[in-house]
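Going by the order they are written in, the chains are A, B, C and D; count residues from 1 in each one.
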Amino acid sequence: MPDNAKEEQQLERLVFFSDAVFAIAITLLALDVRAPAAPPGSYSAGQLADLILGLWPKYLSYVISFLVIGLYWMAHHRYFGQIRRYDSRLIWLNLLFLMGIAFIPYPTSMLGEYGTAAQPTVTLYAAVLAATGLLALAIWRYASHDRRLTDPDLSEATVRAYSLRAGLAVLVFLSSIVIAVFNPMLAAFSWALVAFTRPLANLAYRGADGPRDTAD
Amino acid sequence: MPDNAKEEQQLERLVFFSDAVFAIAITLLALDVRAPAAPPGSYSAGQLADLILGLWPKYLSYVISFLVIGLYWMAHHRYFGQIRRYDSRLIWLNLLFLMGIAFIPYPTSMLGEYGTAAQPTVTLYAAVLAATGLLALAIWRYASHDRRLTDPDLSEATVRAYSLRAGLAVLVFLSSIVIAVFNPMLAAFSWALVAFTRPLANLAYRGADGPRDTAD
Amino acid sequence: MPDNAKEEQQLERLVFFSDAVFAIAITLLALDVRAPAAPPGSYSAGQLADLILGLWPKYLSYVISFLVIGLYWMAHHRYFGQIRRYDSRLIWLNLLFLMGIAFIPYPTSMLGEYGTAAQPTVTLYAAVLAATGLLALAIWRYASHDRRLTDPDLSEATVRAYSLRAGLAVLVFLSSIVIAVFNPMLAAFSWALVAFTRPLANLAYRGADGPRDTAD
Amino acid sequence: MPDNAKEEQQLERLVFFSDAVFAIAITLLALDVRAPAAPPGSYSAGQLADLILGLWPKYLSYVISFLVIGLYWMAHHRYFGQIRRYDSRLIWLNLLFLMGIAFIPYPTSMLGEYGTAAQPTVTLYAAVLAATGLLALAIWRYASHDRRLTDPDLSEATVRAYSLRAGLAVLVFLSSIVIAVFNPMLAAFSWALVAFTRPLANLAYRGADGPRDTAD
């Protein structure tokens, strides 16, 4: 195998390892959606239905975190679709980013346990997500600066559009920490704004690189 | 690496990520098969045997969910055996589908904890499986419509046979919700009908595309 | 991509999915090695040391199950090193085999909780391992019969050597169920005989296929 | 597929399996970062904030273990970037090494539960990490000896630099066991010295093989 192919394989291994961490973190979220154990027969059908419906804060925090980790995975997928080489700093940045991703089940479980109405849990969640988003941004800035590790033909518009999307996500989570001082519930709602980072970035760098860049 | 190879690799990464979620969800099922912790020596051999045998509802729900997730994995494997390209909508549909797959351990644990004789747990289980099946169907319909993302030479018979199988599975789970109103246990038994979706679809579109299509 | 390459990729996906299940099952084993939670400061250093050392049955069952799952992974690795095609029956056999692999953490936790001196836990463990081994044997027999799915040039000696190894492992676990009636501890010790299945099979089919076949 | 390609694929499978174990072990670390379950509404915002902040020993042990497993993953990545073949001994050494990696969440949870000030937990942690490091060293020594399984053109300087790094990490953990006799907290701090194994090894074998070898 030529050295070039080996390097490509080593990069793939980095991506693979990251994907596995994403997949595990996203799947572990459901581990916190559990009813308390009970002796069989001790619940009537009505009580059981109440028990199932009463877990809605856990369903909600599952859905929120699944979507958020999914969005971060899509960003990672976008970045490494353009990255062609790696160095030890990229590995470290990626590891720190994954440390954030793998941590998300914890603030999610706090959210599911104590609800979105409590300031400390909302702040914790937003802080972890903002820090993780910052690390995503750092990966992209580092790799794309002077096309250090990416395809040399990568357009400036794409570089900026990706940075803008990551930056806006960080902004949403940081802002929600401020909002949570006044209204934690509203802060949690504000996270939905993350969904608008893509159309906003597309608007700013319209048609940047054609269909490939807007693929996800 | 040519752009084409890179795109193929990105699609592989999507498939890989999905496989990892499937594998984790299917393996986590066994985490709920646990006896309560006990101080050593506190049980006689006879009591211990009773304890092990008494966990049969957990074994049963483990087997059911393992087979169901396995069937959904096989459907995903079939679809992506024909899919050649991806776009942002496919990524989203796939993510929502995986949200269903990763959620399955929860209704499974409810089934194992409260048995198949209780209407609420049977309904919960069937509803999650039906929703997940609908998303599988949506992935296939979206990708195969006008051969949007699949091999252009894919036969109409294959497209329809795959849709029929997914549709029948959804139908089985939706029907079981109705059956559960009258008899939850019978509803749970009716899930076994999922095993007949393949021969039925094969019957309807006999010999569609030759050996490759019936590979799984 | 030619059809042939696509089929190969689909087979790879099957292998990959299996590897992920193996990896998760083997890593989840450590989840049961946990000390009970305690308020900080409530233990002296001596008590803490006792607590750590007192968990030895859990360490032991972790090591046993890690090695056993590792051996089964190596068998799977061997088989799929020779398998070139797949069909729907192979997928099903493989799924049933993985159902056994993913289940192993449960009898392992019983062994760690109730020790190797209790007949029911030793029997449970041996039964699960024997069933899983039988499914491994079934995969190999099915795939290698008339070289149905393997390399057509595969030697008969290799086919038989692999079958013999799987068969001997099943025999060890089945025998230990009988031994456990008289002496559970001895039955657990007898599992170590699995380590001798390889030299025995090598002895029976000496030099079968040269270095490649004895690689693992 | 030629035999050579098949062998390469089998080696990839070994690497892949290892990566999955690493990814799961590193992600499971966060499972121990959990607040005790509580009925909703029973905590004021202030109490909830205290609860979150009070978990700092768990955050700390999460970060330490994430970095340590990350470092071991990087070493594994380095080794297998040079390894071209495998044999049954490599598979066994790798399996034993992974047994150490998958075990790390347990001493980590003890550290998070009982703090870094208790000698037994610090000793347990250092012992597990030292043993795992020794196995990493064994993998590398075995594979690189006479270039048994590596690229034949691999320079002696690289072989030694990698060995030195692994050896120094083992030394750090072994020394900390001695330090813990006098001051467990200081022993825990001393683990940070692992970060200096890379510059030290680079210093000793300066510019060994050019940019490729120092990639991570």
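Operating definition for what follows: a contact is a pair of C-beta atoms (placed from the backbone, for glycine too) under 8 Å apart; a residue touches a chain by one contact, two chains touch by 3 or more.
On a predicted model such as this, the values are computed, not experimentally measured, just so you know.
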Rotation in the CA alignment of chain B with chain C, degrees, nearest 5: 90
Type of chain A:chain D copy interface by residue overlap (half), same or different: different
Interchain centroid distance [CA atoms averaged], chain C/chain D, Å: 25
Inter-centroid spacing, chain D versus chain B (mean Cα positions, whole Å): 35
In chain B, residues with contacts to at least two other chains: 16, 20, 24, 28, 31
For the chain D and chain A complex, residues of the former touching the latter: 8, 12, 15-16, 19-20, 22-24, 26-31, 33-35, 37-38, 40, 43, 45, 48-49, 51-52, 62-63, 66-67, 70, 73-74, 77, 80-81, 84, 212, 214-216
Residue ranges of chain C touching chain B (in the complex, touch as defined): 1, 3, 6-7, 9-10, 13-14, 16-17, 20-21, 24-25, 28, 31, 57, 86-88, 91, 95, 98-99, 102-106, 109-110, 113-115, 118-121, 124
